[in-house]
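What follows is a pair of complexes built around chain A, which joins chain B in one and chain C in the other.
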Partner chain A sequence: MQMEIWPFLALLAGLAAIAYLLPIVPMRWRRALAIVVVLALLCWAPFVLDNFRTFQMSRVAIMAVAVLGLNLLTGYNGQVSLGHGAFMILGMYTMAILMDSKEQLNFIDARPWPFWAALIVATGISALAGLGIGIPSLRLSGPYLAIATLAVMISITPVLKKFGGLTGGVQGLRFPTPPPPEFLKGLIDRPDWLYFLSLITAVILIFLAWNLLRSPLGRALIAVRDSEIAAAAMGIPVARSKVIAFTLSAAYAGAAGGVLALLLGSVTPESITIADSINLLVGVVIGGLASILGSVLGALAVVFIPSDAAKIVASLPGLGGGIVERAPGAIQGALVIIVMILMPLGVAGVLHRMAGLDVRRLPEVVARLPSRMLKGAQLAAGRFRWVWDIRPWAQRRPFNPDDY
Partner chain B sequence: MALLEVRHVSKRFGGLIAVDDVSFDVEEGKVVGLIGPNGAGKTTLFNLISRIYDPDGGTISFNGQDILKVPPHRVITMGIARTFQNVEIFPALTVLENVLVAENWRLRIGVWESMLRPPWVAKREKEAVRRAQEVLDFLGLGQLATMPAGALSFAIRKRLEIARALVAQPRLILLDEPASGLNHEELMSLGETIRSLARQHNITVLLVEHHMNLVMGVSDHVIVLNFGRKIAEGKPEEVSQNPAVIEAYLGERGDASPS
Partner chain C sequence: MEALFLAPPPWEDWSLFGQQVVSGFATGAMYALFALALVLIYRSTDIINFAQSEVAMFGTFAMWSLYLAGLEAWQLIILGVLLGFALGAVVERVVVRPVEGRPHLSIVVVTLGLFLLFNSVATWIWARGELPKHFPSPFSFEGVNLGFTSIPQHHLGLLLVGAGVMVLLVLLFNRTKVGLAMRATAQNPLAAQLMGISVGRMLTLGWALSAALGGLAGVFIAPITFLHPGYMLPVFLYASAAAVLGGLTSPPGAVVGGFVIGIGENLLGTYTPAKWLGPEMKLPLILLVLILILLVRPTGLFGERAVRRV
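Here is the complex of A and B:
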């Protein structure tokens, strides 16, 4: 049996929604059931989708990790980064260097590492880089931090080209992708195996993030985002929390990069561009700030909008030809803008509201949709204000004699 | 030895001297009111005690320890919790989560423990939730536990701040204008709450407040600031008779132009 990607995704969404909205069953079970349904269908995916679409789904899993990583930092902790592509490519190169059969700088072993060990090291190196950038970033916030991290991303490409002894220069590195482990031989062939590897990595890292976010540390990240001054007064070490957020976030990006390198079997300095780096933030905002589900949905958008949006729009009656075919990028851009205006809290924000909806009230709700959207846009404006809070800490409480 | 000892503390903002050589003691188990006209330096003094600002001079010690040696987030671990004049809650968190934030320092759960969530972490967290729920019930917020704090009214937010401060089980609580924006009924219940903190729970209260009836009603001791200086202190009834205090509040005799 073969399926197109869009019917498949529609089936996935439909079954998940049915499982989630089952009557009578308690909420916890419905959520667990929806997750099981989604995972079962995702395990089925490589057997019904063609190779290209399976590859794209692997990329979705990888991007979900990277977008979630950035969401930990931007959505939950209020620090905006445009440079997370740098941590991804760092993870990719670490992976490639450990997995290829060249001896680099006369000390890195020429024998390829097992992929899982290389993946752990790639994650760790990116985490260290995140720590190194997170500490000086304590002095920056809002757009200043965004620009500083963008500068990191801009500078990493020439650095990778320059140190060719380690990185293979402009050509980059190639290495054989690892074969599936013995016990899977015959069950799953090579490209599908990499899909499952991406999926498992994503599931594990999403689970860890979910635990983290409902722990005291997760609450601390949000508290620091909402009011540093109150967080400190309540015993939260503000600087430490921000550095932890940065480090974890970079580790997630590095893990995503590591798996991406496995999937591609090669890496060049152009594997992750500035546009990819910015796309991660686009994924966070489209999917939904401070939402795990939103991060996954954002990853779907980041992968499928560039590949399919222009085609779908061109196939609509009256929209074929012209700019749509000559400049597919313009369609992507327009689509992102439209999504952000219509769904200011991201796709996850819309779903969150729909989940609480009583079906009998549907007509009434549809009638009130325009005014609700306006309200949503105002809410979102407020949300952007805290993400983009450009006023430094000291200035947030200007000296006002009336206050003291 | 008093619980909190403030000695010769000064704080300048550029040319403005917000707090000028202020000294006072706060005795354990008492409710101490800190009053003064706008701009007298009351909140600045709070911010100095909670380490948001560094003083330009002087010392502050709590329970015999120098608090100027600890970073801001350690102040609460010494036993000093506070509320804010402009209400600094965490709007995206629920009421319960807001209160839980103040338990973080006691839970001491690391990054790995958070991510892997072993059973003992879940158990500790459950206890923290129970304690938080107790404090919420004490302040009559129990029903609102799962509401996002950003959706609450101003008066409830103020009460939430008190709950958040109390869950840390402080020995001293700093309340910065808890009565502003409250109606008559809410004021009465606030007065009750403050009294019961000191009498029944043995928590010392340092209170900044403009609402004179409340301050005079609940305080054991009142300190008056004006233009950053301490101009009087004593029992509420003494202070309200003090000519310097009357002058600070009503202006110098002959100042008011006849109209």
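Here is the complex of A and C:
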């Protein structure tokens, strides 16, 4: 059986919604049931999707880890970083250096390491780098921190090219991707195994993050984001929390990079570009700040918007040809803008509202939908009046942050 | 044995040192001019606009079309500024206004979307045939002799324009009511509104002015780097480093930052051991300097420390 990616994702979303919204199991088990359904479908995915889509789904799992890592820092701790691509590429290179069969600088063992050991080292080294950057970052905030971290990302490419003895220079490094273990031979092939590897890593790291955020440390991160002074007054070590957030999020990015290297089997200085690094932040904000579900959705957006958005829009009736086909970036950009305008809290914010839906009242809600949409349209028309109302003397109603 | 340093130390060859400083000065002027646009938008809306470079690129390509239609270089500059102003105002009204008042990150992500949009549309419209394209300058590229080296007239023009814009911005922010209103809007929109400032209009004005300044920078930089859809992105990255180095709130800081980055990059590329650092590492080195300076002065060299009541 073969499936296209979009029917598959629709099926995934539909079944998850059914599991979550219908009274199949008691209230407190609903979320668990929805997660089990999603995981079961994700385990089924490589057998129904073609190789390219399986590869994309592996990338989604990897990007989910990286976006979640950045979300730990930006969404939960309030520090903006545009340089998390640097930690990812650090993880990738650590992985490649340990797993290839060259002897770097007459120092690092030529024998390939087992991938899991290399992955642990890659995560650890990225965490150390995060610690090293997190401590000086204590002094910076807002745009200064954003540009300083972007500077780290910009710098890393020339550095990787220059020190070729360790990194293989412009060509980068290649190594064989790990084959499936003995007991799975014959059941799944190599791309499927890499997909499951990415999925398992993502599930473990997402679970750890979920746990962490419900611990005193996680609450401390959030308190520091909301008000450093209030957090300090509550006895929270502000500086330490911020450094821990940086270290953790760098470790997540490094782990994502490590698995990405496994998936690709090669690393070059261009494997992660500045645009990729900035896209992580786009993923965080589009998915939903301070939301684990949002991080996964953001990863979906980061992977699928560049590859599919323009094609889908072009296939809609009446929209084919012209700008849609020739300028795919315009569609991607417009999509990002539209999502931001319509969904202040990201896609996860919308889902959180829909999760409150009571299924027994569904007919009622559906019946009210037309009138509500009309009211919404009227409201929007009022709010968007500035588009056509260009009289310079027009009075705008007072600025009110609560409107948003 | 391979020489550790490629260049003789400055005290043995002052003219090489002078050449490096002057050429760094010339590139620094580009960064400074664009950094001023970043300072302007930061001061008036409290965000960094990632679409700034692409709006400027878009406007410059439009000017290039007019150049083909037969307009003079100085007319292109004036029209470029006006087009930038209009583009900035339209972008603010149509795309940024709906997310006004939201957390800054939302607005920054909208500007990233705008970046993609403008870049892609400009590529679609103009990036055909031979790239990069030649763009005219009102000045010539003949060198002005300084004795040990020479500097093209165009770069001198760029320097003068940059200095003029800097003075105008200082006057705007510190000596006019509009500038005061713009600063108030960026700092606290609600309080500004209560003081009778039309916040929406100030935000539109801030976007329009900074896009106009970006357009000015675009048409002045295009003759140097030539015109292609990616030509402003490196300038944006350097200029954002320059603006942060000088302090995002200070126009003179942006200019100083631009020169520090332009000159420092050249000197670090020339006078560091080629085996370990050298020309390929000049970018990481100057960014390291940026980060070190930020560690000593977290709001840049001349930036105001934002004091907020709790």
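Here, the second predicted complex is superposed on the first by the 355 of 404 C-alpha atoms of A that agree within 3 Å, B and C clash if a C-alpha of one lies under 4 Å from a C-alpha of the other, contacts with A are read in each partner's own complex, and residues count from 1 in each chain.
We take it that contacts are C-beta pairs under 8 Å (C-beta built on N, C-alpha and C of every residue); 3 or more make two chains touch, one makes a residue touch a chain.
Just so it is clear, the model here is predicted, and its values are computed rather than measured.
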Contacts of A:Leu300 with chain B and chain C, given as first, second, both or neither: neither
First (chain B), second (chain C), both or neither touched by A:Tyr144: second
Touching partner for A:Ile154 - first (chain B), second (chain C), both, neither: second
Touching partner for A:Ile278 - first (chain B), second (chain C), both, neither: second
Touched partner set for A:Ile229, first chain B, second chain C, both or neither: both
Touched partner set for A:Pro328, first chain B, second chain C, both or neither: second
Partner chain(s) touched by A:Val336 [first = chain B, second = chain C, both, neither]: second
In the superposition, chain B vs chain C on chain A residues touched: C
Touching partner for A:Ala64 - first (chain B), second (chain C), both, neither: neither
On chain A, positions contacted by chain B and by chain C: 227, 229, 399, 401, 403-404
Residue ranges of chain C in contact with chain A within the complex: 42, 47-48, 50, 93-95, 97-106, 108-110, 112-121, 123-124, 189-190, 193-194, 198-201, 237, 240-241, 244, 248, 280-281, 283-284, 287-288, 290-291, 294-295, 298-300, 310
Residues of chain A touching chain B in the complex: 208-209, 211-212, 215-220, 222-223, 225-227, 229-238, 244, 248, 290, 399, 401-404
Chain C-touching residues of chain A, taken from the complex the two chains share: 74, 80, 136, 139-144, 146-148, 150-152, 154-156, 158-159, 161-162, 227, 229, 274, 278, 281-282, 285-286, 289, 323, 326-330, 332-337, 340-341, 344, 383-384, 386-387, 392, 396, 398-401, 403-404
Residues of chain B touching chain A in the complex: 13, 16, 18, 38-44, 50, 52, 71-77, 81-82, 84-86, 88-93, 97, 100-105, 107, 109, 111, 113-117, 121, 125, 128, 164, 168
